[in-house]
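Presented below are the structures under discussion, each in the form of structure tokens.
Two complexes come next, and they have one chain in common, subunit A, joined by subunit B in the first and subunit C in the second.
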Partner chain A sequence: MGAYLVKRFLLMFPTLLGVALVTFLLIRVIPGDVVELRYSGDRGAVSQEVIDQERARIGLDQPVWKQLGTWLIGMAKLDFGTSMWTGAPIWDEIRLRFALSLQVAIMATIVAVLLALPLGVLAALKQDTWIDYAVRIFSIAGLAVPSFWLGIMFILVLLIVFKWLPPMVYTPFWVDPWANMQQLIWPALAVGYRYSAVATRMTRSAMLEVLREDYIRTARAKGLWQSLLLRRHALKNAMLPVMTVVGVEFAFLIGGLVVTEQVFNLNGLGLLFVQAVSHRDYTLIQALVMLVAGIFIVMNFLLDVAFAWLDPRVRYA
Partner chain B sequence: MYNRIRMLFMLATSMVMAAAWPALAQDKPRPGGELVFAVPSEPPSYDGHQEETFGLIHPVAPHYNTLLRVDPSDKTGTKPVGDLAESWTVSSDQKTYTFRLRRGVKFHDGADMSSRDVKASYDKILNPPAGVKSLRKAAYQAVEAIETPDAHTIVFRLKWPESSFLLNLSSPWNFIYKADTLAKDPRWYEKNINGTGPFTFVEHVKGSHWVGKKNASYWDKGKPYLDGYRAVFITSSSAQVAAVRGERAHIQFRGFTPADRDSLVKALDSKIAVQESPWDCVLMVAMHHEKKPFNDKRFRRALTLALDRYTASKNLSRIAIVRDVAGIQVPGTPWATPPEDLEKLAGYGKDIKAARAEARQLLKEAGVPEGYAFTFKNRGIPQPYEPLGIWLIDQWKQIGLNVKQEIVEASAYHPMLKRGDFEAAMDFQCGFIVEPDLDIARFLTNSDANYGKHQDKVIDELYVKQARATSPDERRKVLREFEKRLLDEEVHVLYTLQWHRIIPHSAKVKGWTITPSHYLNNQLDTVWLAQ
Partner chain C sequence: MSELVASLDVPSRSSRWIGACRDFIGRRPLGAIGAGVIVLMFVAALAAPLIAPYDPVAVDFAAMLAPPSAEHWLGTDAFGRDVLSRLIYGSQTALVVGFGASLLGATIGALIGVASAYFGGRIDLFLQRIMDVLLSFPLIILALALVAILGNSIPNLIIAIMVPMIPRCALVIRSSALSIREMPYVDAARAAGFGHSRIILRHMLPNVMASYLVMLTAFLGQAILLEASLSFLGLGVQEPLPAWGLMLRGAAVEFAETAPWMAIFPGVAISLAVFAFNLFGDSLRDALDPRLRTQ
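And then the complex of A and B:
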């Protein structure tokens, strides 16, 4: 088990380095330049002198290999530098947004898990009954409806029916839990519904597969209570693929709620990502990609650890 | 008898006053309240001298004063009035401007403001120290020297008379900073705020909001009326509309589309007020003068003759933020082209059939065959680029041209223009004050914004002539010559339609007047909130 974990842990570093190199090179291929964008403004008439001066100041006049070297050395020291657009330290740009995105991701995961587990298990147990059909319709609708569209519907209903709109400014939970919930519950529900649809279908199919296994039939033949059988033998084994889905979706939510964040005017990482790309803010894009990649890699690592713990076949393989 | 008449008169007067009281009370500024407004973008830094986005002006301007400002009650946005300057005189040769500064003005840190601060601020704009940028340095080339004979007088000496000088000093970007701070660190104002303006800085939460509170020791006694303001950064236009509709924001100072205006009016009825104005922004078509057949002025003239601007004005103004047919200046402002002059320019006549017949003839003479194809590059921004792009292509089709539109992502657009990587492309211009010197300098041969790369000494000479004209009539005459040369004789660019600024806002917002520029009138000292 220990050797397995060490091997998995060490594999994270070459993966991160690969992501860093690909990101660094790809964003420089896209046309556009942070300096031109910042100073062209609405009049589009900035002088070349100003542009050259600013490019030199932020190091864009340096050869690409030198820029890459400086960035990799900084990253090794966990120093991501400053934003090319605002001049502020990258961590300052990310910190507040990260807290919001993390909270939405956690809330959406709670919504998804609370819906997916009972519904998925119920649908599997009542396969091909009206209950199963209802759950399947509910989950297919969740897959078909984009969460940003559901978000827009929430906004419209709240505005037109209740003449109310969620707050436009984020208040941290520890400052004012009520204001915080008023703003974040809606995106959490909108995103959580789609997320639950994926998890519900996975739970149902995994449960169906497990329920057909010989050891379940044996346990039933021995007269084991249904609830005990479900909890101890079926659900635990069916959870492996569900955990993968939940873990990957959770990581995705940290930086992937671009449109939903726009709909609810959430100051999250997704929106910051879009702004960074549209500003061609290389340092910020690189830092955000590394952050999201890091979250995915760590999440995968944790899932592998959990698998090894839950399924001995993994750690002995 | 006399007493009875007097009593009756007093009673009648009282009744009239009582009836009129609610209206009078509404018109009288009411102190208190927090103005909440949406801002579609965010300031990259806090230094107005080196930024170019309204995302800075809207939240930051209330912290500062400028030497002069544009009259906040003037709808044309072209009348300079004193801000820190109490009064001024201009010498008879129009080369010396002497400003008397207000007394008792303090920075938010408590320090007194003097002419030294004004000079230091203008020195930074005109001759920025190493490592500091100034985007509007070129607008002050006429300035020879700035002198401070005493603590409350500042003198600008010019090399030549310049018609636009007072308006240039009213620039909303030219915040007055503290001289001592600039001497210690000329880049301090990029990340900090310390002005003399009506509101002091409270906080800026990146990506979220900006808060200012009333400056209790503001020099203009009784102002500001508001207790404070909160600028909320909202990038999505639908979320901005929702914020106003849900009464989470009172106003958004840049502008909404006609559809947004209509939906807000329908939803909020008497709770919403709408102000509209021609906007000092315009989309033009840049034509690359070094590429065939755009190097032939007959071809360029045919392109402008094909455009039915008046019909477009009626139809496009329903769906896009454009409306007026105009020349090189915003309609309704002092240097605007009178309609009778405008109609004489190619492509501005009312007889579109005749214009298009002439266009076809010109194409024939230029050797451009029927169905000739070229690519028109457009910026990937919905309003008003997309509808105007589609309209242009349709209009050119009417004279037998086959035009393909290529949308270039907004971030890559400006570099594309600068590289000259186009045959015809949408070009854009938004001014911060309606003033010919600022709006038409881009058409000079050596301008960085002369993307079509035309070379025209006549244009260059006319520009200088209008800028140095000492009488308004003379300047007007030269401007008309410039316009004729630019849009008719040489057709270096094509103007489409003037943008139209629409600001639907909460009916509670009072004391704010729309102007043609979304960079103006954001100091908020005159704004108040009704009950």
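And then the complex of A and C:
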């Protein structure tokens, strides 16, 4: 187990480095840079001299490999630098928005798991009955309905039927939990539906697989209660693949809420990313991508560790 | 003996196809419904000029934000453009981008997956690391960055949506191809002195077809969804071209209370299309390769 963990741990670094390189090079291919964009409003009224000075000030005059070196060294020290657009430290730009996106992702996960586990298990137990068909249609629809449109529909129904709109200004949870919930429950539900669909389908297929195993038949044959059999023998073993999809979706959700944030006017990481791209704010884009990809890579590592711990077949393979 | 031979009539190619289709409809009614909706979408896209009641880009300020009526079945938008006509023409955009991106993404992914499994060793390790890197970006973030670099035309949109699909397909195809590599016929092909490209293209690729088709249909729905998301953000298809995601942007949200038809119908169209592709893809997976998991 030790050797496996070490190998798996070390494998994270080439991937992280790859993400860093790809991001660094990709964004420099986007036409225009932050200085050009900032002065573009003045329509050539700014002299080339000023532009050059500004570029030198934020280090854009350096050769690309040198910029890359500075950035990588900074990151190794967990220093992401300052935003090229606002000049504020990156961490100050990200902090509040990260809290918001994280909270929506956590709430969506709760919604998804609460829906997926009972529905998935039920569908598997009643395979090929109308219950199974209903659950499957409900979950395939969850994959089909765009979360951002579902969000628009929520707002529409709240507005027309209940004559009420969720608050548009973000209140942190620790300031006013009630106001915070009133605002964030809707995006969490909109995203959670899709998320639950993915998890329901996985729960169903994993349960179906497990229910065909010999040890389940044995447990049934010796007359074990259905509920105990389900909880102790079947669900426990079916949980591994479900855990994986929930974990992976959660990691992606933190940075991938872009469109839903737009609908609900939420100032989260996704919206920040769109702004950063349109401002060509290289340092901010880099930091955001590294954050989101880093969460995903670490999450995968943790899932693999959990797998190896829970399932001996993995660690001896 | 001669009687036996006579009774073994070999079905012609077309009747075999018809038989397979009938079998699919009988056994998988949900998949057949999905296929039916997909066919309808194709008909709508191809015959759009014939069935659409209005020009999709014709502005009519006299009929701005008109509710659904006999003239405009699904109402009009903030420019007085007919929503139904825009939905019908929008199916063209959805299908072109959806098929373009998923065909390219699944094919390139399949080639990389098979090559990775076939060569093994260092090449496999190297390709897998690249796929890992691509997989670490959330779908929408990668597509967004690519659109920003390439600019937003339809071909560029297809590329931006295709790239995130590549590693997802390569991963699945690689694992199917790994077992095929050990098959005697691959050894035989190698012993016969065939080159790498011939073995990969002629001997291995056809045998991962089932996984390939399943991935392809799974991608179709996702590609349509991603196109709608990008267009909704204003980074995909541009006005005045009719596209479902674009129709939900701006005025649709602004006037949601007074003209809800603008926000409702395009979303229904997106959902229905993706739903149909997913239903069909699911049934295809169950029929071809039940052990494969998509999404």
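Definition applied: the second predicted complex is superposed on the first by the 310 of 317 C-alpha atoms of A that agree within 3 Å, B and C clash if a C-alpha of one lies under 4 Å from a C-alpha of the other, contacts with A are read in each partner's own complex, and residues count from 1 in each chain.
Note that a contact is a pair of C-beta atoms (placed from the backbone, for glycine too) under 8 Å apart; a residue touches a chain by one contact, two chains touch by 3 or more.
Quick caveat: nothing in here was measured; it's all calculated off a predicted structure.
Undergrad: Look at A:30 in the shared chain and tell me whether it touches subunit B only, subunit C only, both, or neither; answer first, second, both or neither.
TA: In the superposition, A:30 touches subunit B and subunit C alike.
Undergrad: Which holds for A:76: it touches subunit B only (first), subunit C only (second), both, or neither?
TA: neither
Undergrad: Counting only touches as set out at the top, which of subunit B and subunit C does A:258 meet: first, second, both, neither?
TA: second
Undergrad: Scan A:296 for contacts with subunit B and subunit C and give back first, second, both or neither.
TA: The answer is second: A:296 touches subunit C but not subunit B.
Undergrad: In the overlaid three-chain picture, which partner chain does A:155 touch, first (subunit B) or second (subunit C), both, or neither?
TA: Touch partners of A:155: subunit B and subunit C.
Undergrad: What is the contact status of A:10 with respect to subunit B (first) and subunit C (second): first, second, both, or neither?
TA: After superposition on chain A, A:10 lies in contact with neither partner.
Undergrad: Looking at the overlay, does A:145 come into contact with subunit B only (first), subunit C only (second), both, or neither?
TA: In the superposed model, A:145 contacts subunit C only, not subunit B.
Undergrad: State whether A:19 touches subunit B only (first), subunit C only (second), both chains, or neither.
TA: second
Undergrad: When the two structures are overlaid on chain A, which partner does A:175 contact: first (subunit B), second (subunit C), both, or neither?
TA: It touches nothing on subunit B or subunit C.
Undergrad: Which parts of subunit A are touched by subunit B and by subunit C alike?
TA: Comparing the two interfaces on subunit A, one with subunit B and one with subunit C, the shared residues are 30, 152, 155, 159, 262-263, 277-278.
Undergrad: Can you list the residues on subunit B that touch subunit A in the complex?
TA: Spelled out, the residues of subunit B in touch with subunit A are 38, 44-45, 51-54, 131, 133-135, 138, 190-191, 205-209, 230, 232-236, 238-239, 242-243, 245-249, 281, 409-412, 414-418, 427-431, 441-442, 447-449.
Undergrad: Flag every residue of subunit A that touches subunit C in the complex, lowest number first.
TA: The touching residues are 14-15, 18-19, 22-23, 26-27, 29-30, 133, 136-137, 140-141, 143-146, 148-150, 152-153, 155-156, 159-160, 198, 201-202, 205, 241, 252, 255-256, 258-259, 262-263, 270, 273-274, 277-278, 285, 289, 292-293, 296-297.
Undergrad: With touch defined as at the start, can you tell me which subunit A residues reach subunit B in the complex?
TA: Going by the criterion above, the answer is residues 30-33, 36-48, 50, 53-54, 57, 85-88, 92-93, 96-97, 152, 155, 158-159, 163-165, 167-170, 262-265, 267, 271-272, 275, 277-280.
Undergrad: Which subunit C residues qualify as touching subunit A in the complex?
TA: On the subunit C side, the touching residues are 30, 129-130, 132-141, 144-146, 148-149, 221, 225, 228-229, 232-233, 245, 248, 252-253, 256-257, 260, 263-264, 266-267, 270-275, 278-279, 282, 293, 295.
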